[in-house]
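Here is the structure we will look at, set down as structure tokens.
For clarity, chains are labelled A, B, C, D, E and F in written order, and residue numbers in each chain start from 1.
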Amino acid sequence: MLKQVIAKIKNWSPAPEVHAHCDGPCGVYDPAAARITAEAVLSMTKKILALEVPDSSDAAATVAYQNTLSRFIAIKEEQAQKTKDDILILWTDYFKPVHLEKYPELHDTFWKAAKLCSACKVEVSLDHANELMDAVQKIHQMFWATKDRDVTYYKAS
Amino acid sequence: MLKQVIAKIKNWSPAPEVHAHCDGPCGVYDPAAARITAEAVLSMTKKILALEVPDSSDAAATVAYQNTLSRFIAIKEEQAQKTKDDILILWTDYFKPVHLEKYPELHDTFWKAAKLCSACKVEVSLDHANELMDAVQKIHQMFWATKDRDVTYYKAS
Amino acid sequence: MLKQVIAKIKNWSPAPEVHAHCDGPCGVYDPAAARITAEAVLSMTKKILALEVPDSSDAAATVAYQNTLSRFIAIKEEQAQKTKDDILILWTDYFKPVHLEKYPELHDTFWKAAKLCSACKVEVSLDHANELMDAVQKIHQMFWATKDRDVTYYKAS
Amino acid sequence: MLKQVIAKIKNWSPAPEVHAHCDGPCGVYDPAAARITAEAVLSMTKKILALEVPDSSDAAATVAYQNTLSRFIAIKEEQAQKTKDDILILWTDYFKPVHLEKYPELHDTFWKAAKLCSACKVEVSLDHANELMDAVQKIHQMFWATKDRDVTYYKAS
Amino acid sequence: MLKQVIAKIKNWSPAPEVHAHCDGPCGVYDPAAARITAEAVLSMTKKILALEVPDSSDAAATVAYQNTLSRFIAIKEEQAQKTKDDILILWTDYFKPVHLEKYPELHDTFWKAAKLCSACKVEVSLDHANELMDAVQKIHQMFWATKDRDVTYYKAS
Amino acid sequence: MLKQVIAKIKNWSPAPEVHAHCDGPCGVYDPAAARITAEAVLSMTKKILALEVPDSSDAAATVAYQNTLSRFIAIKEEQAQKTKDDILILWTDYFKPVHLEKYPELHDTFWKAAKLCSACKVEVSLDHANELMDAVQKIHQMFWATKDRDVTYYKAS
């Protein structure tokens, strides 16, 4: 009997639920995830700019420099991507039409924050890395305001 | 001398460039990537709904059914995530403020398309899978219009 | 000349540096990352245990149940793995021999925390998920104590 | 009773099915996926070769150059790997013994295409990147011919 | 001057090199990687078939069963994919035209082994999992023969 | 009735099982996985140190050198991470309190081995790469001793 019934199923829609960072309705959202990785982007940007180029006649130092520079650029890339992913999860999954009414600048805030992540990859820009930190802090405030919770913003580094 | 100079560097910004699906300015964007994975979401949704539940006394068939159902759900999840990723790359990297002026519904179109990807994960919904296909086709048209190219929309399956 | 020199290089070791969550010396460590994912493990465990099994004659509800259960288990798995990864990065990269002297229980604390992550995958255990949260909180306190910083422990959910 | 029965199960084999790009039998195969990433390989190769090396006394430009070059090489690597993966999915999952009879050069075509992907990683070769595009176009034609469909080959860039 | 020169570069090809499992010419290939994951596929297949279905009135046991079954299927999937990846790296990167002359069945051996990996995903088949182990052992022998080395084949479990 | 029962479930714990490299109790552990990737780290380290820096006036050779160096560093990074992952799976999942009694240096051995993986990323150090190989061999011996099996240690390269 079950077999006949299942043949007729067209679709199924659950009641609206609060999704989360994990793509499941675990309800656990925290902009701190994006803040940690954005801090890494800023730190890597500073360290790349501060790296001293060794004398090209010092082969050992040159190899060490290349290894360090390559890794810093790759880590900046990875952390900027994670920041982008975490920001977009908030935008696509946490924020609902009801929030858009209250925060008309919602789309624009996230669009610009996501574009800043890309800019921090393409460039080695202290200004953009700092602007990304500002954007993440703004999202922190907007997010906790929707929950009527007062969570202190802090930096790990 | 180089060492002193580098200590002063603050930041560096390249000229604006056309980024791409690969997070590099390769200029290769194609909504076909999102269309292929969205087709997989639709196909998996149909196949999950069409799966016949075996008689529970047939142990071999039950194990086979569980293996197939588990895999179909996991593939639907993965393909919906890829669709979401590809759609969001277009939104965050390809589309620029100049496009927003021409397409004021830009943000809303992508927000809803991304939310449809999540809905296709959370549910086994033929309606939502079809709506996702429609959203991808709309993005296809909007995208190629910005490039003044007439690329035929087709489905692989 | 450089060519001859480089042929002689044996190896190169940089000065000791503070590494970080990103495998680069960005210096950004924050146990909040492990706390967010551990919260997801606990949330998913609760939701799996609370899922109501539909009547097997209701085919639509059965498919929906299977989809939800499969996803919750997969998300629990993924988030437990991320918790494990983040905990182990602290153990292998942040904590140094000097910390071991001050915290002789260091190895044992992290070994048990990592084993709890595995237990939360293998089982659907509210007890173990809560013990994981306790372990993460203990690591939060141990970590910030080494930095002489007083960072308030909070939960996002 | 079920318990006893299951102890005897040896194995289970479903009827032959059409698998797909997603490792599930969704039936959605499209060489366009490999074409998009192969275009990115070609584009990145061109851009690497076109990059102007800045004067080494211009520290800001040198850091920018290193960041851009590192990213382009990493993107070329990633996109070549994706091209390889997509090509091999067609070879291992879509093409069947019945196709081998009709296309005796099947194995050789895919072996060479896969080796071209590796060559495009190891080298910065415009010739090999163009040959990879040719190989992808050949696979496009071979693939759609097996489906008796006439799908226009186009490039996104 | 460098700037003008670089504008003329067309392409560059290194001398032929021995590539490796890591997509770099590290020269480290070892079919043991594929053997370890194939063993996991076989082990998971056995454990899925041996799982006792609990009485459906025992809710706690049912949830535990579903968690275990879901995980075993997902692990089988992941390990079969890794086996496929490792096998294909040998085929695409290690084996060269010169080997094809000596082993005319080279392509067929790897095609069938790759298809067995897919079969072990789609099915819960003890026969296919055992055939995959045989295929991996055959590849072990073919591989070490090309290196004139006698490496003992063993199983970890 | 099932619905009421499930509402009461608190948690569930299976009997202790032997877990494995795949995070499932497949029982398949083999330090050979860590040995293969550690060999790649050593090989890449040697090749980076042996790379000849081309004359900066030879633009084609310079681009080729940069591509090769970038890739070698990225591969060293990836393989060191895999070595670390495989080592830590043995420590967190295979080794049990009963082993700790017999091998009191267990924690210290794995802590140092994991730190060596990080050192091999941060540096281009032949010494540390060789020490990592020694650590992996020591783990090989400790591991097989717990199983009372005599498995010959060999290198693939």
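Heads up, the rule we're going with is that a residue touches a chain if its C-beta (ideal position, glycine included) is under 8 Å from a C-beta of that chain, and two chains touch if they have at least 3 such contacts.
Given the structure is predicted, the values throughout are model-derived calculations rather than measurements.
Q: Touching both subunit A and subunit D, which chains are there?
A: Neighbours common to subunit A and subunit D are B, F.
Q: Where does the A-D interface recur among D-E, A-F or B-D, taking recurrence as more than half of the contact pairs being identical by residue number?
A: A-F
Q: Since subunit B and subunit E are copies that touch, is their contact same (over half of the numbers shared) or different (under half)?
A: Different-residue interface.
Q: Hey, which pair has more contacts between C-betas, B-C or B-D?
A: Spelling it out, more C-beta pairs touch across B-D than across the other pair.
Q: Between subunit A and subunit C, what is the separation of their C-alpha centroids in Å?
A: 18
Q: Touching two or more other chains, which residues of subunit D qualify?
A: 2, 6, 9, 12, 14, 23, 25, 49, 53, 59, 63-64, 68, 70-71, 74, 77, 121-124
Q: Chain touch graph shape: choose line, ring, star, complete or other and state it.
A: other
Q: Can you work out from the touch definition every pair of chains that touches here?
A: Contacting pairs: A-B, A-C, A-D, A-F, B-C, B-D, B-E, C-E, C-F, D-E, D-F, E-F.
Q: Where on subunit A is subunit F touching in the complex?
A: For this pair, the touching residues of subunit A are 59, 62-64, 66-68, 70-71, 74.
Q: Flag every residue of subunit F that touches subunit A in the complex, lowest number first.
A: Contacts found on subunit F: 48-49, 53, 69-70, 73-74, 77, 121-124.
Q: Give every residue of subunit B touching subunit A within the complex, in rising order.
A: Against subunit A, subunit B makes touches at 2-3, 6-7, 9-14, 17, 19, 23, 25, 45, 49-53, 77, 81, 84, 88, 91-93, 107-108, 111, 114-115, 117-118, 121-128.
Q: Which part of subunit A faces subunit C closely enough to touch in the complex?
A: Going through subunit A, the ones touching subunit C are 1-2, 5-6, 8-9, 12, 14, 20-30, 32-33, 36-37, 39-40, 43-44, 47, 56-57, 59-61, 63-64, 68, 71-72, 75, 78-79, 151-152, 154, 156-157.
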